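Okay, got some structures for you below.
Look for subunit A in each of the two complexes below; its partner is subunit B in the first and subunit C in the second.
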Partner chain A sequence: MDIDRANTETVERMMEARPVLVGLGKAIDVVPGMRHNLLLHAGPPITWDRASGPMRGALIGALLFEGKAQNAAEAEALVKSGAIDLEPCHDHQAVGPMAGVTSPSMEMYILENKTHGNFSYSNLNEGYGKVLRYGAYDASVLKRLHWLNDVMAPVLRHAIEAGGGIDIKALLAEALHMGDEGHNRNKAGSILYLKALAPHVAKAAPNADVAAAILKDIGDNALSVLNPVMAACKAMADAGRNIEGSTIVTAMARNGTDIGIRVSGLGDQWFTAPCPQPRGLYFPGFTAEDGSPDIGDSTITETAGIGGFAMAAAPAIVTFVSGTPQDAIDTTLEMYEITFTEHKYFTIPALGFRGTPTGLDIRKVVETGIEPRVNTGIAHKDAGVGQIGAGLVRPPMALFEKALVAYAEKYGF
Partner chain B sequence: MAAINAEIRRSAYYDSVVLMQLQRALVELPGVQDAGVVMGTTANKEILAQSGLLTDAANAAKADDLIIVVSAEDESIAGAAIAQVDELLKRRHTQAANQTYRPKSIDAAARMMPQANWMLVSVPGQYAAGVAKQGLSLGKHIFLYSDNVSLEDEIDLKRIAADKGLLVMGPDCGTALVSGVGLGFANRVRQGPIGVVAASGTGLQQVTSRIHQLGSGITLGLGTGGRDLSEAVGAQTALQGLDILSRDIETRVIVLISKPPAERVARRLLRAARATGKPVVVDFIGYQAPQAEDGTIHFAHTLDDAAELAVSLSRNAPPIAAETPALPFAAGQRYLRGLFSGGTLAYEALLLLQDYLPAVYSNTPLEPAYRLQNALVSQEHTIIDLGEDEFTVGRLHPMMDNDLRIRRLQQEAADPQVAIILLDVVLGYGAHPDPASELGPAIAAARATAQAAGRTLEVVAVVVGTDEDPQNLSAQMEQLQQAGAHVALGNESGVRYVGERLRNLNGIVSGKPVSLDTVQPPLAAINVGLESFAESLHAQEAQVVHVEWRPSAGGNERLASILARMRER
Partner chain C sequence: MDIDRANTETVERMMEARPVLVGLGKAIDVVPGMRHNLLLHAGPPITWDRASGPMRGALIGALLFEGKAQNAAEAEALVKSGAIDLEPCHDHQAVGPMAGVTSPSMEMYILENKTHGNFSYSNLNEGYGKVLRYGAYDASVLKRLHWLNDVMAPVLRHAIEAGGGIDIKALLAEALHMGDEGHNRNKAGSILYLKALAPHVAKAAPNADVAAAILKDIGDNALSVLNPVMAACKAMADAGRNIEGSTIVTAMARNGTDIGIRVSGLGDQWFTAPCPQPRGLYFPGFTAEDGSPDIGDSTITETAGIGGFAMAAAPAIVTFVSGTPQDAIDTTLEMYEITFTEHKYFTIPALGFRGTPTGLDIRKVVETGIEPRVNTGIAHKDAGVGQIGAGLVRPPMALFEKALVAYAEKYGF
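Here is the complex of A and B:
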């Protein structure tokens, strides 16, 4: 069997995918396999009894948002009763940042890969502070969710459709030249997103006040494009799924308890290990002891060849880990050692426009002992507190070792 | 008494990460309990409020104001902490380090320095062969310092290297001088006209240092590893080294140093040494040479002696011609076929050819390994005694009947790999009355056959006889010469003539020759293992990239073996 040839096919498909944001729709209407009693969550499968604080908080918040429970206790009882199913976003062509909890009536971004025809989905970004994705669920959180769903989403849908869709791959390529790495830093990308939307929002909004509120919201939120970017990365990674014999990682995600990966040649099997604790910098009043183990589907960015892998493009944020701009360069150079190729379309000016490290290869990770480097936000370990810092985390070697052993068994090595 | 101090800086934008780092630095100051350094956005103010850090002044800040708040054991500590903010901010800018990336894998190192032509390997022995093999597959010469490499691995590595025109110096090779740079343990020796091949590390250091002390210098000092001259390895690296030095026009004198090798290996080395066409000083340490000189070979008794002899020879040696004279043969022509009627002549030819060729096949070989599988079919270099019983059953001896030899002559002439055919023509009573009258036209026909195919076939005839023999020596010689044969009157002179030509035709080593460009300056190398080797290369201004090497899969044998199988399939 020619592993390199299989991997070439995987990364070619990932790189040639062209995800375009084509619209929005309710999860129950658009997400494959969505059901009224189903909540999607980040990472590999999880049950309530093993779920982390932020994950539990987000699940409670989503049930409150859906009107299925009137308070936290009711919501908790409902989940425990077994009446609510929990499944990974990744099983439904979707991704969500942090807890990633997605409920049936939530409005979803719809991404279409124009090259291969597959679709992907993500919820809307709530911005900073107290938000559902960090496990907060008080009245202000629910109020904001309703505003996003009921006021902003319909306007965005019309705006996106009127503009004929937004090519997120092109947006990312440009943002990488403007100091973003596409995971922790999406400042430039969000401004490009705002620029693309603005004229259509102005027309689609029912009045100027709503238009202004929406534009201000998107403009103030330096993560506004994160969710479409993650869905775009999901569409690219999915294009490389299920290639016989390929050792390339096609999903990498955390649920706050476990971190898991999927490998192209090993189908939909998750290989999991306990989530590590991120290393990084904390907001005032918080320390590492307050942090939750790592959480979120946002590592789909590294899976697609950006995020921490493209750190050299974003020297402004290297100080999360002590660093100097040289550290940013070194991070990306190190990731070249464990990836299969260099991206054809995502390039890094500081490295002479070299392509980003693309196609995380389990062989190379195990061979070199280099764990991938992932950028991340840090959630408080208790539900409802929110983000308390940002930093980096290295998915543990055990994931890749387990996957390699499974690969050897499947393919008879 | 605990105190909270705040400072607001108007319109002072900093990246949030810079601020978070600053905040961490403040919290680390003695006596400081908590600190907040944030832009004055509503969300940030809420965060400060949660921590009890939102003073009135901070609450009044606008979104583009910088808020610095410190809570400390007392007022003075809080004030002092805030006073240090600028100092802390400034310190961050000066930390920018100037280091470059250090690769973890050999592949990454090779991509970083594609011009590297050497790889230094000094990892633990159990991993050394694997690392060296990786280096060979990337087209690098290997300086293999590691010891505890198995004999099988050494043979395997050297075979791979020979096929690729690469060198494996080692295992257990401590020193070498290449492209004016010392590898491993090496002295700083000036460039000069003497090339050294050494199976002994300290021997190489002693001789090269002494050469330097005597005012001369070194072109290349090539190590082989101590086991290279064993019978099993067969001096593969040493022979490649002699071949390189023979072709390197800067090298005027060659020194060969080792402990006394196995007899057969010694013979091969001396044959190769002769084939270099340059003066070679041989110091087989402790070896009692039968004579001090043997043609171009000069035996030294000690390392000092070797150095002095080399320096003195280099001062007197004639300049080396850039090119050896061209031979007339076509590409692919390289083998000898000797068709003898006289058994003793054939035997002596086999003995003499040991000085020139590594192996000659025969139906009467010197060693069983070189017995022809089928006496009717030649292999590589072959000497046939046609007077052996297997050829004379039911027919006359070839001294009387030329028929068999003539047919074999045609057969050999048709082989495109044959360059020279060697015959004996024995005259006298009892022999054929006029052998040249039959052999002459056959020789002419054989040469014509080759010519028609675009080749040049040389035929060398050793004639045994006197001018008083019935066949008339001079008449026989004349007929053979007219047919295009080179005629010799002594067996030794005829065989040596053939040997010289074959030596030039066959080179010193089998396999692909090492490209001289790859051993010329500048040296660029990948270092895997001891970091001090990279540092000393760096100190000598060579280009080097050091690999932060770890064993495959961190030394986990199960995973490493899976990876190895995946690589091979």
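Here is the complex of A and C:
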């Protein structure tokens, strides 16, 4: 077994993938395996009784959004009755930030990897604060979800199609030269996204007021491109799946209770551990005690070689997640210790245009004792509240140790 | 004479100035002292016989644009006849990139310094390549100028007014955290500008096609915000003019033949020297031999504490102007040696959020022997060609020595 050769193939496929945002469609129509009684969620598999507060809040909100329940109690009873299935986004070529809850009628971004032909999906970004993905579900949350789904999505679909698609890989490479790291800081990426969309939105909107509202929404939401970026990273990571003998991580995701990873040479098996607690900066009125354990599929960005791994590209992010610009540099330098290669297309100007640390290698994590570093948002631990901060977290060593044991069992050494 | 106190007042006024883009109007209607037979130009005063190729080309183009001449020979004859006056933009509260030629019917950005009440002006940005400000004047150049003036400008005026103005100081502070330095790299700033404008453009445009064309133009031109930024820097620098005893530079500008500076404590007197030749990277097909001596009012950015002085904020710019990211850091560090203070509002994440070097001090330049560093575009030396590259240049020591001699004469020490 030539592990290095297997890993080279994995990372080459991940780096050569070219995910392009090609359109939108309702989850029920476009996401493989979507069903009317199915809700997708972030992270490895989870049941209602073990679900965290923000995950429960988002599941409730999604059922209210779908009109399958009239209030939180009805929604909870419906899930508990077994009438609603819960499955990971990752099992449906999808990813979702934070709770990642995706319901059948939600509009989804569709990404196509033009190199290898695989597709990936993600829902629309709601912005900061009191939003479904952080477990909030009041009337204002549902109203905004309906606006995104019913007003914005159809215009975006026409705009993206009219523009011939948006190359999210190229957008990310550019954003990394503009102070983004692509996970918690997507400020440049979101206005690059606006730039690509704007002329087509002006033409696709039914009238100037709707065009103006959509342009304002996309422009003002510094995370508007996060979901296409996450889906792009999913398409890149999926291109590296199932390479016999490879020790590279192809998925890393949290549901607020468990964190899990998948490894290329070990198929779709999840290796899990309890979610760690992020540390960071909190919005006024909240403290670390209010925080939920780590949650979300957004660690797909680090899996693809950006996000926390590319912190050195985004020194200004420390005002949002804590630390100093030197910490940001040090984070990236440390991640080179546990990754297999340096990205061919994602580069960091401040490091002399060095490629980002790419291909998280379970062998290196265990050998060096260095856990990965990821950026993350922080949700309130209770259902119904929302985002309370942002910070940093390290997926625990146990994940990588478990995976390495399974690898040794499968491959016999 | 307490020079430090005078300089403190100068830089405080420059830093506390808050230039807001409040609208547009034709030069003849809004620029103080504009006349029907007047063309404004970059740099200190110049005459036709001493004018460089790109300056002559831009003067010709402006007269063709105004319909005052039918061809280059007529335009040249008109200027030589004495029927057309030439005066510096700087004498009319205006600035213009490269040749900076501004004619009476050109639409101008209007900036208001909300702190001190002074106004400043700049024309519209044409983009890269074969453009008037680099001395090109063929039919395609004139056609584009007419589109900017007749189609885009009226929509921008309504959009800016509807938005209540755009705070260019805040935009610049943000862009410096997104890899811009505000002079040769305005990539982030230009899409922040698009973000501010887009919803209002959608509503202000006469129809969706015009809205789309304008949104595409502003978004695709990575220098679209350069002219408002330059005017903002002019408004900031002007706020520091005429402080008795101050040794801070309040204008630095080149006409392609002479480079000149003005000093706060020495009023509106220009101290001049021959323009140096920039060194940098050339577009395919051109070499250093094709380059014009340095030209343009854009050094108003360095005068206000950004541009070349803030290179450390923009490591990716070296792909455009030559050098390494470390050179970019070193440039900013060197500029601290010859400036009076560090900016309160313009900060550099990579330097631990240190303020940019602000307030170029003629004493320090002469004492240290360090000439300033500025970023610049490179024009072809012949009229009618256009931009051929971008690079770096140092305004020569002679400027600062002459100014210091004049200072000693005026203040008696």
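The definition used in the following text is that the second predicted complex is superposed on the first by the 409 of 413 C-alpha atoms of A that agree within 3 Å, B and C clash if a C-alpha of one lies under 4 Å from a C-alpha of the other, contacts with A are read in each partner's own complex, and residues count from 1 in each chain.
Definition applied: a contact is a pair of C-beta atoms (placed from the backbone, for glycine too) under 8 Å apart; a residue touches a chain by one contact, two chains touch by 3 or more.
Predicted model, so just to flag it, every value in this text is computed and none were measured.
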item: Which of subunit B and subunit C A:A316 touches, first, second, both or neither; value: both
item: First (subunit B), second (subunit C), both or neither touched by A:G305; value: neither
item: Partner chain(s) touched by A:L194 [first = subunit B, second = subunit C, both, neither]; value: second
item: Partner chain in contact with A:L281 - subunit B first, subunit C second, else both or neither; value: first
item: First, second, both or neither for A:G355, with subunit B first and subunit C second; value: neither
item: First, second, both or neither for A:L404, with subunit B first and subunit C second; value: first
item: Touched partner set for A:A211, first subunit B, second subunit C, both or neither; value: second
item: Partner chain(s) touched by A:T324 [first = subunit B, second = subunit C, both, neither]; value: both
item: Shared contact residues on subunit A - subunit B and subunit C; value: 316, 318, 324-326
item: Subunit A - residues contacting subunit B, complex; value: 1, 3, 128-130, 247, 281-286, 316-320, 322, 324-326, 329-330, 333-334, 336-337, 363-364, 366-370, 389-390, 397, 401, 404-405, 408, 413
item: Touch list for subunit C against partner subunit A, complex; value: 177-179, 187-188, 191-192, 194-196, 198-203, 205, 208-209, 211-213, 215-216, 219-220, 315-316, 318, 324-326, 349-353
item: Touching residues on subunit B, where the partner in the complex is subunit A; value: 15, 17-18, 20-21, 23-24, 34-38, 43, 46-48, 50-53, 69, 92, 95-101, 103-105, 107-108, 111, 550, 552-554, 556, 558-559, 562-563, 565-566, 569
